[in-house]
Every structure is written in structure tokens, then in C-alpha cells.
């Protein structure tokens, strides 16, 4: 059964320092694909003061949830998100459900989930 | 009065270590049934790299909120969610309102609520 | 301008211990009334294993946001929410925007916002 | 591509103490403008027990995400949000996606994201 939306926006990305102990500080994008075919997904990133990075390609197999680390290189071309504020615009060929979260290790540990806007 | 939706998706489950002090690290699914009859609910779980676990049966009585610990065995058959990334797809015979949260005790204490997608 | 919805559900209330230092552990319900008249609001509470508490009366003046501490006595009759899992169903005579949050002081400090479901 | 809504409400603002170490305690409003033109935005603030502060003017360039610190002076006139509970009502001439978060440094570190209501 198809579940979700083809477009998701996460307005508040900002990669934290990794810190020194596991689990390391990071941000991640979780994508649920409940369809019967692979979800072909494009990520566009917006920044505060420079042009967007468009067209990052990722995929999620049918009937799987995948977790994409935003602090690792991402997409077919291996893009590294720079430090500072960014936003994620996700577009998929099939409906998906996405979630975005940060784990910050500066002084202990704090989670920061970012609400998704979907259409 | 019926309140809620019959389908909910939570995209970011990942059971944390329990830690050593109360309250122990865990994840939980809270379900509000404001209808006049029992909510008969099925949970399907999606994973990163293996086939889904489908058909976990739970129930919430009329006019109650129930909290299901995801780190305990769950459902009539007593299923244990494995370590690693998972997503929850909830379907109910009557409208319900659901919420999902994690409590992580690795280094102190951090809450992580996961947004629900509902239809 | 009217903004919001007349019904809100928060699925995951569970009053934490107060702890010993300010700000004390608590839960709170924030309600925005952007209308030109007072919002007359009823709260119904659902529990895990006992009958609901219905008909708690509160009000929010026109063009104000009010914060209701859920660990204090609440409503005209002075109701005290018991320990344990509960859910809040809010109904208002005019549209409002509501938010619900927990501050837990067991071992340092952790916020837990609870997503609202609104119709 | 236009993405988002022209009105957003955040029901739970309450500026935390700054604390003494970076990152300092604060609240922030993130706004994504994926349109081809500048988003001209007005913020109205509601309080618990005094009249609203209306008409704070901010702008977000085309194809950018901007982060507005709520603990700094804000808008063309340089308004300082007072201590205590407040709510934010955002109206934009073009659709935007907004998110609101708090970082509290009282005893370590805690994030508190505030759900947005949008129409």
C-alpha cells in the first residue's frame, strides 16, 4: 500500500560537532517506502547565503525504511553538506514518509527532531 | 466521539540501550481511543535490510489511552523488535490518535519524539 | 483573525517528578487564542485503566497565549491529574492553536514535546 | 516551485537564560523560501497578560533558508522580545515552510522544538 507524500520539507538542518563518544553527533533523514517499487528520490538543499545544491540522488527499496546520515557524504556523487544552516527539500517518484532528527553531543546529549512539511 | 485517523506511520524507530537507572531507555507507542468500542489495531514493522514484520495485533479499550513499550515483547504472539532502524505502520478499525517517543539514557537523558504521519 | 482548530488531542501525558531545582519538572499546555473573544475550553482526560475525567473548564482571553501547568490543580473545580499515562482532548468554542510539552528533571534536563492532532 | 503556507503559528515561545557556554541558550525561527521572489514576512507576537506586539517585518530571499534568533533584536525596528510566555504568528506574501526551536542550557543542554500550525 502506498503511504505518504511525494514532497517533504525540513526547515532546520545544522550539522552539530561529532563530539568524542558514541553515538556521535549527527543529523539523519529517515525515509519509509511502503510501496511495491523502489523510491527514486531527489534532495535539494537550501542555504542561508549561497545558491542551493540541487539534484542529490538517493533511493529506498520497496517495503524498507532507510536512514541517511546527513553528516556523511550523500548521493551518487558523494556530496558533503557544509557547516551552517540548511533546509532539505525531498521529492520522490512514489509516496514516502520522512523524518529528520539531530543528535547533539555538545555537553551530554540532546535530540532535536525537525517537523516535516509534506504535500 | 470518534477522534483521529485509522492509519499512522512513525518513520524513525531505533531501540536505545536500557542503561542502568530508572527510567530505563526505551521507545513507546501511545494510542488514544476515544470511540465507544475497542480499537483493534495491527502493527506492521519495516526494516532497513530485511523483509517487513507484518500483522502484530494489539488492542485499546474504548475511552482509554494505552502505552505500548516497544522494547518489550509486543502483540498476541509476543514479538521482540530487533536492534536497528525500524518504522511502524499502524492500522486501526476505528479512528485513533497515536504518538511515538524514545527515551535515551546514554549519557544522562534525552527524549526524542517522532512525528506521526496519519491518513 | 481566527486561527486554529476547535479540537486538539495530545496523546502522551505523564507527569514527571518535580525534582529539586528550578525549573521544576512539569507538563504544560499552551493555548493561543487569536480571536476577538474569550475562548471557552473544555478538557477531557483519558487514562490507561480507569474512566475518563471529563468537563474541566478553562478559558483564554482574546488575543492572548496562556500556559496551563498540568502538574498544578486545573480548571474551575481544581482538579489534580493523577500519576501515570493520560491523554488530553481539548475542545474550544472558537479556533485555537495548542501545544503540549514536558520538562523532565530526572538526571539533568530533557524536553519532550507532544505532537497535537487537530480537527 | 512554491512550497509551504502563508500563515504559521508557534504556540510556545519562552526565551531561556543564555547560560555561559556556547552554544548559548536561545530560541530561533527558521524560514524556508523556495519561491523565486523575496518572502516579505510579518510577525505578530501574543503574550499572556498584555496586548500583542504586531507588525514586526522580516524578509527571506528567494531560494534561501534564514534563521532568525528570537533572543536578539528582531525586525526593521529592532524589537526585543520580553521574558515570559509568547506565541508567534507568521504571515508571508508567498508560501514558506517554518520551524521553531529552543535550546535551553540550564543544566547541560536540552532542545525543545515547537510544532507549527499552518494554513
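For reference, chains read A, B, C and D in written order, and residue numbers begin at 1 within each chain.
To be clear about the criterion, a residue touches a chain if its C-beta (ideal position, glycine included) is under 8 Å from a C-beta of that chain, and two chains touch if they have at least 3 such contacts.
Source: prediction; values computed, not measured.
Asker: Tell me the angle, as a multiple of 5 degrees, of the rotation that maps subunit A onto subunit D over the C-alpha atoms.
Answerer: So the angle, rounded to a multiple of 5, is 90 degrees.
Asker: For the copies subunit A and subunit B, give the interface type as same if over half of its residue numbers appear on both sides, and as different if under half do.
Answerer: Since fewer than half of the residue numbers are used by both chains, the interface counts as different.
Asker: Taking each chain's centre as the mean position of its Cα atoms, how many Å separate subunit B from subunit C?
Answerer: 22
Asker: When the C-alpha atoms of subunit B and subunit D are each averaged to a single point, how far apart are the two points in Å?
Answerer: 32
Asker: What residues in subunit B touch two or more of the other chains?
Answerer: Within subunit B, residues 108-111, 113, 115 contact more than one other chain.
Asker: Would you pull the subunit D residues touching subunit A in the complex into a rising list?
Answerer: Answer in residue numbers: 3-5, 21, 23, 30-32, 34, 63-67, 97-99, 101, 103, 105, 108-111, 113, 115-116, 118.
Asker: Using the touch rule from the top, collect the residues of subunit D that touch subunit C in their complex.
Answerer: Residues of subunit D touching subunit C: 7, 9-12, 14, 46-49, 51-52, 85-87, 89, 102, 104, 106-115, 117, 119.
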